[in-house]
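One chain, chain A, links the two complexes that follow: it is found with chain B in the first and with chain C in the second.
And then the complex of A and B:
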């Protein structure tokens, strides 16, 4: 069965989504190595592998299905406690993720290579063999939990395992019952989950089988927590939750002696517990009446199993509080008898409707439940703070978006034409009617403009994705390279929430990977070298994004050996990239920037210069294509930092329209800092470069006409458009300013593509193409030009 | 008039696959949802003749949905199919014990689901 290509694209899209989520969770586990893994996270990963297996099976993707099967099997053992999560297991899982991605890439391309098939199958087999078996318990702790058999029968194997683990650890178990209005119970439950989550583990959410009236529905949440009753109550304030503690019988086999002691003098045991092992007591599950003995005994017997932080002192209070609510089992009949009337709202109140005390949450939009397409919640509550945020996330096909953006471009053309029409009608109109017509037209144009702006804004926002998407992928890579290189590195990520155009984010991964790989391979010293230099053994490589106006600055830095600019100079001289005379004139910053020159780096220079410069010209070019620039800072012995400055979007930009020698150009406004009016005598020459003095600073200066080889006309004054990206500044002399306009830049084809200083062409509404200046290239060109002339 | 079948499955592609298989049978309208919660909301609003559910879902699991349906006098007679995968025998058995009518193991052929649908919905 070979599914049609549309279905295959759907498969690839969903599989990609699953793998992304899986990668994120693995990363968290990786960062928290040595700590006990969050069961919800392990289960999340299991679910991802499980979904992937089912998905691949349905679409006839045998290779992915086989590997997913092996992965799921391993994860299943993990989450059910049959296997211990150690470094080897985690490493293998991360390797499996890489294999999945490679397989998916082949699927998307419609290819299938034997090498990858063998690798994936080998890995699947390895996953099956992996792992040590956890020690089996001599008694099933679950048997001690007093729980209705009916309730137990709806637990999945995993839920049963989590329940077992909680009981084994002596965590107290609660039944949290809440009734909601049928129309918005998911909101109420999401709120409840958000509050419960920090306090413990929600093991299961059971819809009450009792018919909840016409509009109501009740849920029982099985919840395990170490916090006391008052804490739990205060955490749930304002929700319709009712608490009932589930009784746990003491472990019988190993506690005969303790039980005997406890029965003889329960008061003493309780007292001892209160002082010596308070946390244990908090885990007791029964009120301190007759059951108090049990609680005490259980705490005592489980002590060796429970390495808890002994920070709590309100245990006794918790026990007392619990006594009012301690109801064994989940039998709803008996629950209602015991239901507290003073503390929580009664179930009946809520069955009648949400009332005033229900959390004030917006109702689900009526369309949301239809087909469930918008309400897909594919990850567990732990990954996302609420269900709401899940439903607000939309993945949009970039092709569709591009189509829309193109349409906006066309609409902008119409707007500009209309504007011209209105203008001429108003000016030429000699009769009142045509003047009125002009005014009308102008008003319509304004309306159209407003609508267009809104549409444009919405579309641009839809294209925005958090740069963290790339960061997460890189973090996994860092782990692997670090291991291979034998370095010890802390990888720090910041500003992942900063948003950039999807296209830019996608294109960023390669340059960033390059820079990070360089930092790890060559920037960071070995642990011993670092110690010898008086630095901490572990190096820090960081990746941070920050929004600055309508640009985003991404910094890749390390605290390694830094770049030796004198060696850079030497290499550049040896390779004939600069002359001795030029080298003499260059400052430290200019020398460092030589590493971006094509031909600077070769295999040999890798060892000579700690590898800095490997393909950096490529990195620079990639960024140039995104209208971004790269800058380097380095200090010997202290480290290196690369700053990447990028526009937030490339789709539609506002431009300054300028005229030079009767030709028109557009300058992207986001890089225009200011405009100066300059008389020719103010231009002076410094070190054979034309410069301007602006508020005491020297500004490099180019005449656009001269740069493009156009006939220069004598003018009494120049308009100087000051452009800047990152720290670079340049004054560009033009003859005329024509105002601002939104433009959609179209790429130039064929031979024109390689013209420096031009990023594309646009149409200003008069059906005549206008070239758009490439500010990043001009900044370089301006400097290079001067250098060449020198 | 077409009879309505509710499909509860959190994986989008699987959901679409099952839905297209179901809708290929003349006389059936598929109502799909990605979560157990949504299923609980949909139940009182439609008259479903059959429910197909996954077991592993993020909000409430499929077993809980089966239990809810089978305990509720309004829905208890609606036949329920479980969609499961290899290796989840315990969950599958529990689902059957709770009253599910049939189970299908992913990946299944469209024909097998089609046959079951015709049988339970008494379609020609």
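And then the complex of A and C:
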């Protein structure tokens, strides 16, 4: 396994970014299933696939290139309306995204396995076969739009398609003509575009045939909108735009007329309702099947409904659902509009998982559906890929980098001054240094300190990335797990904008994935059980991040059955993790915390999802490595929440330097709550353990020297450093305080990983390593000590 | 090509080279050059612990460092002397004298009560499967080349304990070297 070359690393970095963007867009489409897809978004996904293809080709990554080609091809047909975006298509796209990620992971490792090559090629082939049925229309609605043949000829295929769609939906078409001065036409045009965007769709921007004056240039924007003329005019006030409505001829033949009516009427209904984009107006986007057209011709007042049924005929429920409605168009429209979750047939398909989607797949050739099922099972059988990024790259705003470079420049200036001072000191020789010299030196040192601080801050900032990066990846995963588990879940994400050090964000993905898997697999009940318990059918699993001072708290919660602490107790007893006597002493909270012990799992059956022998103890350890801690809250019948408390950064931290028995240790300041000065006589013992009474509250307390087995020295008073993470508090007694310092912690790593209570070492400037205390581990140890003694 | 360079390399004299063999050769008859296939010698780094000569394969040695200030790790295994900072890298330093039966307990070399390390003491930074590790030695003697024919299995009297880190004896002229397996010597 040779390390990938630099060029390859760049490829992986860039491809990862593209895939991330692609994944985000797909997720939006996925969330809005059953609604009409935003053409801009589909176009965006198409462009991403296209870039990926080009990039892969450039780096000779043929497998990725082939698959990207298939994806691009499918998306091209989608955006040109040759294919309707149904569940099967969307599922295949999401599967393709998984395949891309697996391929990229192999590329990053520099390996290539046959299994994956076959999977990718099979996927590319399936993409090509998807939805081959494409029905030609009786008449191109574009013909009905009164537009110069000359103008029409310059449209791209995509623009033509969007135009056709708009005409078919009965959206009124406008030509917006605007003349700008040559000097700033780009700004004027951009302004016009931003004003038009919210009102409708800019289909094409063409240079106008009309001259725009001596120093000007004029553009014709072909614009489709549902808003009225006065609204449009007021929206464009202040721009040089002139509006002209493009007339649409009525359809000519009888059948086409019926079709036009069938497809236009819902849009008109919605138009009068003031709804900008009607989900079911998309009826028209799917090329009506022969049956649909015939139905439209033969149908009476229910015309709008029938194409709807034909479109839905790819899902059986859709057909029955639509015909069961059997009500005039308006009712069914509004029904679909505001209550998609109530009984929307498409939603049922989404939720029932692979079984429920089988009819959807039946629309594609049987071979394809088999291949699909095969691929799905093989992908789920393979080990869950890690959500960690494949690259170590961080995107940095160039402005930030410029700032850093400037700081370096200023540091060089200070270096020059210091050099000059040193030079003059040397030349003066034995002459005692003047007071002025000292002042000057002190001033330069202060400047150096300030600049270094700024540089450090800037660098830390450049390392920060939003946690949303991981959340988005998890959202995709949740969708699949939910399907596999046969549960109905709303996944809620919050606080994705909270920033954390890139390193921490990366390390977080696996623990979070584990917790979410647990929530879906063990936490959330099946829909029927939920209904029986009087809860809403759909469970809510949420993932939220929140900044609290120097820490970020991430919460993974569900509204499921909660943790049964009695069952936890039973399991802990049978596994010999605790004794009966200990169990008697334990409160509910302590019992709940037993789930973090190694080798604990309450799941009665080992499921494919989370019962893999990797337990919460691993999650806890992973977090411990990040100086974070995990806490659990649970109430039976109400749900479970895990709180992860993490430092914002690990790279450079401010630390309190303390002395114990003539040794020096550093305590990360972000977990220090306060420092107390305590006389030995103030230390009290409660049931043979030492505690402090702090403002009427009992504080567990350890002497660091005793804990570490160092020779204790008699002191007249202790300094007690009170550390806390989440709700846990512990006083750590030390002999001396040496002040605060910024430190870079190096992990003990390698051979020393098993050392307890030390997270790493740092250098305070005298080459002697100074150990950094692992506050989370000490807290746990101190409190466990207390429990054991109790 | 590289093999050729290796062969040539043997002809270069190094100040630290043991040339006693050469003198033996010069003293002997020059007419009876041995027809036996040439042996490729392997280089070992020899060092002393409590007066005894030890050697490890030089491939296993990453570098030799003077003893930097060491920091003891509380509650660590007894043969871990402490951690050291080597050009910004944090490395553990171990004692192997106890393992070899040369001392009752590891010397106090880290922490506030430790005396200044002896002038000749060095830390050998060894490559191990679990990352680099430092080993305290009293002095570094030099590099010795040992041909396979100079190696002997460890005498039974030298075997000590269940974790045996002595893999053999190297004999070169009058000198004997106890050959160590670094991985075993550092095993917890």
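The definition used in the following text is that the second predicted complex is superposed on the first by the 496 of 790 C-alpha atoms of A that agree within 3 Å, B and C clash if a C-alpha of one lies under 4 Å from a C-alpha of the other, contacts with A are read in each partner's own complex, and residues count from 1 in each chain.
Note that a contact is a pair of C-beta atoms (placed from the backbone, for glycine too) under 8 Å apart; a residue touches a chain by one contact, two chains touch by 3 or more.
Fair warning: this is a prediction, and the values are worked out from it, not measured in the lab.
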First (chain B), second (chain C), both or neither touched by A:36: neither
Touching partner for A:159 - first (chain B), second (chain C), both, neither: first
Per-residue touch tally on chain A - higher for chain B or for chain C: B
Touching partner for A:76 - first (chain B), second (chain C), both, neither: first
Which of chain B and chain C A:687 touches, first, second, both or neither: neither
First (chain B), second (chain C), both or neither touched by A:758: second
Partner chain in contact with A:584 - chain B first, chain C second, else both or neither: neither
First, second, both or neither for A:205, with chain B first and chain C second: first
Set of chain A residues, in rising order, touched by both chain B and chain C: none
Contact set on chain A toward chain B in their complex: 7, 10-11, 14, 47, 50-51, 53-55, 57-60, 65, 69, 72-73, 76, 153-157, 159, 182-183, 185-186, 189, 204-211, 217, 364, 369, 371-373, 375-381
Contact footprint of chain A on chain C as seen in their complex: 68-76, 80, 83-85, 88-90, 92, 111-113, 128, 130-133, 186
Touching residues on chain A, where the partner in the complex is chain C: 661-663, 707-710, 746-752, 755-758, 760-761, 763, 766-771
Parts of chain B lying in touch with chain A, wherever the complex brings them together: 10-14, 16-17, 31-38, 40-42, 44-45, 55-56, 58-61, 63-68, 70-74, 85-88, 90-91, 94, 97-98, 106-107
